[in-house]
Amino acid sequence: MPVSTIGPFKLEYFQVLNEKGEIDKKLDPGLSNEELLKLYRAMVLGRETDERLLKLQRQGRLGTLPVCFGQEAASAGAVMAMKDSDWFVGAYRELSGRLMRGESIENPMLIYNGLEEGNMIKTSPRTLPIAIVLASQIPQAVGLGYSIKMKQEKDTAVVTFFGDGSTSEGDFHEAMNFASVWKVPVVFLCQNNSWAISTPLKKQMASETIAQKAIAYNMPSVQVDGNDALAVYKATREAIDRAYAGEGPSFIEAVTYRMNVHTTADDPTKYRKDDEVAMWAEKDPITRFRAYLGKKKIWNDEKEDALRKEIRDEIAAAVKNYEEPRQYKPDAPFDFIYGTEVEAIEEQRAEFLENFKKDVTNG
Amino acid sequence: MAKLNMIQAINRALHEEMAKDDSVLVMGQDVGVNGGVFRATDGLYKEYGEDRSIDTPLAESAIMGTAIGMAIGGLKPVAEIQFSGFAYLIMGQLEANAARMRTRSRGALTVPLVVRMPYGGGIRALEHHSESKETYFAHTQGVKTVIPSSPRAARSLLIGAIRDPDPVIFMEPKFIYRAFREDVPDEEEVGELGKARILQEGNDITVISWGAMLYRTRKAIETLKEEKGYSIELIDLQTIAPMDATTIAESVKKTGRCVVIQEAQKTLGPASEIIAIINDKALMYLEAPVKRIGMYDLVMPYFHRENWYIPSDGRIRRAIEETLDF
Amino acid sequence: MPVSTIGPFKLEYFQVLNEKGEIDKKLDPGLSNEELLKLYRAMVLGRETDERLLKLQRQGRLGTLPVCFGQEAASAGAVMAMKDSDWFVGAYRELSGRLMRGESIENPMLIYNGLEEGNMIKTSPRTLPIAIVLASQIPQAVGLGYSIKMKQEKDTAVVTFFGDGSTSEGDFHEAMNFASVWKVPVVFLCQNNSWAISTPLKKQMASETIAQKAIAYNMPSVQVDGNDALAVYKATREAIDRAYAGEGPSFIEAVTYRMNVHTTADDPTKYRKDDEVAMWAEKDPITRFRAYLGKKKIWNDEKEDALRKEIRDEIAAAVKNYEEPRQYKPDAPFDFIYGTEVEAIEEQRAEFLENFKKDVTNG
Amino acid sequence: MAKLNMIQAINRALHEEMAKDDSVLVMGQDVGVNGGVFRATDGLYKEYGEDRSIDTPLAESAIMGTAIGMAIGGLKPVAEIQFSGFAYLIMGQLEANAARMRTRSRGALTVPLVVRMPYGGGIRALEHHSESKETYFAHTQGVKTVIPSSPRAARSLLIGAIRDPDPVIFMEPKFIYRAFREDVPDEEEVGELGKARILQEGNDITVISWGAMLYRTRKAIETLKEEKGYSIELIDLQTIAPMDATTIAESVKKTGRCVVIQEAQKTLGPASEIIAIINDKALMYLEAPVKRIGMYDLVMPYFHRENWYIPSDGRIRRAIEETLDF
C-alpha cells in the first residue's frame, strides 16, 4: 500500500469528582471511608503547612520558598496509591505528598531556612530530596526503576513528579524514552499547573495536552483533573498496578493550577490576570473533597474544626521545635563531600575552622 | 549621568543596544513579559515586542543551541540562563558549536552571541543558586568569559560583549545586583574584553579579584589602608578568559606579592590560572607565595552556612596581611 | 463529561515509487524529466563518491569516515525540494544531498583526511558543516528558522537532517518543542536507517515509528519510504511549502537502511545478520529510480554508462586535485579561534611555531 | 601474570568486578552486543546478559541520570560515554546530582558509580574525538577524576573506582589503548584513588604527567637520562581530583624544579592546579618557574595537524632541559 495510516492514537481524559463534590459512580476507585479521610487529611495538612510556611517567609523567618496552594490533590492523590516501599522522586511542588509520605513538617522549614538537615529524610528513606534542577530527577526515577527490576523487588514502583514546564527539558524526553525501552516500573506524573514562573503553557508548548507527549514513547498515558484527588489516585493506582505487573511505565497528566506565587520571590501580577485565578479557585481540590465527604455523611463542620485544630497544633509544635535555638555544625559540609577521607578536604576543613573562629571573634 | 545599581545598568545596556541594532534580541526563561526574575530585561518586552524579547520554553540546551543558530543566521542573541547553576546544561552546545564554529568553518561561520547568567552566593536562595563555576566556561576555548564588578563596568562590558564577534559568557554577580549604585555616564562606553583593570595602584602587594568578591575586597582594603597604611594594588580581573596575563604579571613584578580572592572553589578555580601565569611570567619577583582564598572544594552549602564559606572581609584582610608579613 | 477522548492522532505513511520502479500516479509529485535526471544524477554521484571514499580509506589514504551507501534518496530527495537560499543543517550521512547542494567532492576528502579546510563550504554558504555531536545541529536549525522569520526572508526554509538514534537525545526534543512554539520554517528530516552503530531501533525506542514523536509537539508529520527519492521529495516539498507559507515546522521520517558499516572503524558482523542487509538491498533507491527512468523511456544503458563515466572522471579529477602535494598552514588553528586579536593566543602561536620548527628539524 | 594492553586490562577489570559483585553492571552506547566501540566491554554481554551489559539509547544525560538512580537504588553502574567529547552533555546531571547527593542528603543517599570515557588525541579520528577536558570534571566537587597511564594501572584503578563510594570519572587515554602491553598480575590489585605515584625517583627535576602524555614523557626521559645522565623524578598524577598535593610538594621540595606535561589545553588545565599547589606548599624551594606544556588554548585541530599540537617528544625534552638550565 503506497499510502497507509499510522495510528490512530487516542488518550482519555477523566474526572471522578467534579467541582461540586459529586462523584461519577462508574469511575469511583472505591476507597474506604478511612482511606478517604486519610487522603483528605493529607491535603489539609499540605494546605495548612503551605500557608504557615508562607507566613513564616513573609515574616522573614524563612528564605525563598515555593508555594503549593491549590495543588494538594495531585501529589496526595498519587501518594495515596503508593506504598512506603515505592520510591517518591519529586520536585518541590508536592508538599502534601511529601508530608503524607512521612516527612516531618520541620523538614521544609529547615530546607527553606537554608539547612541541608531538612533533607535527612530519616522518616521516609525512599523519598528523594526535592530536586531544584528541573527534570533532573526524572532520569533518576528511571534508574531506580531499573534497580527494582534488577533486584526483582516485587510490587515496587517509582513515582516521579514534575511540572508542565519541566517537560520541555531534554532530560524529560530522554528519561521517558529510556523508561519505555527498559519497561521499568515508573509512573511519570506531570502536575500541569498552567505556568512555569511567568511562562504560560502556550509559550511552553504547541501541543494541546501534555499527556500526548507519551505517544512518542508508546507509553500508556492519561490526562486527569489534577484537582480531583480521586482521579489522580485512580490514574496512579492503575499505573502502579501496571508497573507491579511488569508492564512498564505510564504517564499521567494532572491538570491543576498554581493559585499563588511561583516562589516568594515572584510577583504574578506582572504576568497574569486575576480572573484566571478566580476561575480556578472554584475548582479547589479541598473544597470539593470536603463536599464529597459531607455528601457521604462521613464529615461535618465539627469534624472539620477538630481536624483543622489538630493539624494547626501539629504545625505549631513543629514550628516551635524548629525554632528552638540549635547549633548547626559549621563544618558539616566537609563531612559529606566524599565517602572516603581526603587529605585536601581535611586540610581545607582546618583552614575553614580557623577562619570561622576568627570571623566569629572578629579576629 | 545617572546613579544606577548593577541590574539597572545591565538593563540600560540592553535597552541601548537593542535600540541601536535591530538584530540584537534577548531570550530566555521569563525574560519577556516578566522582565526577568531579577528584572534585568525589564521593559524590553514593552519596547521591542515578543519577537525580540523572547520568553522561551524551559530548556537551557535549546536556548544555547537556538541562539547559535540565530547568530549564524545574522542575529545577535543575548540569551539569559536564569541561574548559572543551570548553565551546565549548555556545556554540550557551548563546547561543540558556539566555541568551535569559527574554527570548524575556517571563519566562514561565526557565532556572535552573549549568554548572561547571574552567579554566586549571598542572596539566601535555594540550592543551585549560589555557585561560581566560571572555570567551566573559561576552560572552554573559543569563548570569552566576562564578569563585571560594578554597575558602570557591567554596562560597558555588556555592550562590549554584545558587539564582540565571539561567543561571550557574561556572568553577573547577583550578590551585588542591588548592593550599591554608581555613576554611569550618559555617553556610550564600550568595555574592552580581555583586559583587567587596575582599580588602585600600589607597591606593597597586588590583590586580584572580580565580581562580588571584588566588592568585598575593596571594603577590606579600605580598612587596611586606613588602619595600616599599606600601598595595595587592586586589580579587577574582569575577563576570566582570555586572561590578561600582562597586567597581572606587570603588577606582581612591581609588588612581589599577590593575593587572589575568588568565590569559586579552590581546585582549578581561576586563581589557579592566575598563579600559573605569575609562575610563567613573574616567578622570580615573588617574595611570598601567592595566596588564594575562596570557596573550598565543597558543594556550596545552603544559605544558612553560606556566609561562613564565602570569603569574609576578615579572611580577605588576614590573607593580605599574612602575605605582607611573609 | 467525566471521560472524554484526546485525539485521535493519525499519521500517513506513503511511498511513490515502489521497489520495482513503478510509480503511484496519484502521488506523483510531477517532476519534469530534467528534474528527474538531476535527482538521479545526484544519487549516483553520492553513491560513486561514497564508494570511492571508502576505497581511499581502505587504502589508508583517508581516516575514519561514515559510509552513506543505500541512503542516497533521503538527502538527495530532500535537497531536490530546496533552493540555494534555504539552509541545509545536516549530520554526516547526507553525502548525496551535500554534493547536490554544491559542495565540492574534495570537501569530504579533506575532512576525512583531518583537514578543517574541507569545511570551507565556499560553494554553498548556506550548508552548515557536518555535525558530529548527534542532534546538536537540530537546535541550530531552529535558531536559523527564527532568524529567517525575524528578517522576514521570503520563501526561505531550513531543512535539518539526523538519524534515528539522534532522536533519543534531549536536543532533538528541545528543538522540536522550540520550533513548534515559535512556528519557524524548519523541516525536520529523520533518516531512520534502523541502526545507531550497533544499536537497533528496538533498543533505541519503544515506539513503532519515529514520525509519531512529532505528535508531542503538534507538528505535521509523515513517514515515507526513505529509499524512494520521489516520496522524500514530495514530503519535503510539502513541508517546505508549509514553511514558506508561514505555517511552521514539519517532521518527516524517511525509512531507509544503513547498508554498509557505520564508519570504517565499525564491524557490523558483530551485531547484525546478513539477511537483513540482503532484504534491504532489494529496496535500493538507485536501482528503482533507474528502472523508473527506463520505464519512462528517458534512460537507457548507454546513458547510464555515459553518466557513470562522467561521474567517475569527475571524482577522479577531484581525487587527483586533492592529492596534489599541498602545504597546509601549520598554525591555521590560531587564525580562527577568536574574531579579535588575543594576546595570549599570539603568544602561544609564537611558542607553537618555535616548537613546530624544532620538531620538524628534530632540534 | 598476563601481558595485556590497556583495553584488555580494562576489560579484565570489568569482568573481574562483575563476577565478584552482582550489583555491578555496564551501560552505554554499543557496550553490549558490540562490546564497545573500542571493545572495552567485550564478552560481558555474553557472560552477564543484556541486563548487566546494557545497550542504552543514544542520550548521554540520561545515561548519567539513570546511572545515578541505579546507584541510589543499590546497583553499581559503570557507564560508558563513547568519547569524552560527548561528555559535556552529562555535566548537568553530574554536577546537580551525582556530585551533590551525598551532601544534599547528609550521607543518607550516595552515588557510587563510575563513568568511563576514552579521551585524548592521536588516533586519527573525527572532530570531538581528541580532546582532554579533565578540568571540567576535576573542577566538579564531590567527584573523583582518575586517569590511568598503563594497563596495570588501568586495571587496578578501575577496580578501585568501582569500589569507591563516590562518583568517579574514569578517563581512558585512547591513544595508548593498544600502544603497549604490560604484565598484569593474576591476583587482585585495588588502586587507591587520590594518590599520585612516583614512577622513578630522581633529584634534579620533577616531571609530572598522566595518561597518554606520561607514556610519551617516559620515552623522552629515557633518552635524556641516557644521553645526559639527568636524575629525573617522574610522577604519574593518576588522580586529577582530589589531587595528591603531598606527593607533588614533597618531590618539588627535593628537586626544586618541575615540568608538567598535559594533553589538556593551557588555561585552567590541570597543570595550573599543580602549579598552584607548588606555590602553596613549595614555592620557596623552586629554582625555576614550573614549566607547563600541553595543548594551546585552541580547538583541538582535526587529525592532520593534531600531532603538531599534542606535546611531542622533542617539546617535552626541550621543556625539561630548559627548566634544568634555568
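We just call them A, B, C and D in the order they show up, numbering each chain from 1.
Throughout what follows, a residue touches a chain if its C-beta (ideal position, glycine included) is under 8 Å from a C-beta of that chain, and two chains touch if they have at least 3 such contacts.
All of these numbers come straight from a predicted model, not from anything done at the bench.
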Most distant chain from chain D by Cα centroid
A
Decide which interface, A-B or A-D, involves more C-beta pairs in contact, and give its chain pair.
A-D
Taking each chain's centre as the mean of its CA atoms, how far is chain B from chain C in angstrom?
40
Could you tell me the distance, in whole angstrom, between the mean C-alpha positions of chain A and chain B?
35
Between chain A and chain C, centroid-to-centroid distance (C-alpha), Å:
43
What residues in chain C touch two or more of the other chains?
116, 132-133, 168-171, 174, 177, 181, 203-205, 332-333, 337, 344-345
Where chain D touches two or more other chains at once, by residue number
56-57, 59-62, 85-86, 89, 92, 96, 103-104, 127-128, 141-142, 242-243, 267, 297-299
Partner chain D, residues of chain B touching it in the complex:
60, 85-86, 88-89, 91-92, 94-96, 99-100, 103-104, 127-128, 133, 135-136, 138-139, 141-142, 241-243, 265, 267-273, 275-276, 278-280, 283-284, 286, 288-290, 292, 297-299
Going by the contact rule at the top, pick out the chain C residues touching chain B in the complex.
87, 89, 116-117, 119-122, 125, 128-129, 131-133, 136, 138-151, 170-171, 174-175, 177-178, 181, 332-333, 335-340, 342-345, 347
Using the touch rule from the top, collect the residues of chain C that touch chain D in their complex.
63-64, 111-116, 132-134, 165-166, 168-170, 196-199, 203-205, 265-266, 270-271, 328, 330, 332-334, 337, 344-345, 348-349, 351-352, 355-356, 358-359, 362-363
So in the complex, the part of chain D that touches chain A is made up of which residues?
23, 25, 51-52, 56-57, 59, 61-62, 64-75, 77, 92-93, 96-97, 102-110, 112, 141-142, 144, 164-166, 193-194, 242-246
Note which residues of chain B are touching chain A in the complex, please.
29-30, 32-35, 37, 55-62, 85-86, 89, 124-129, 266-267, 296-299, 301-306, 308-309, 312, 314-315, 318
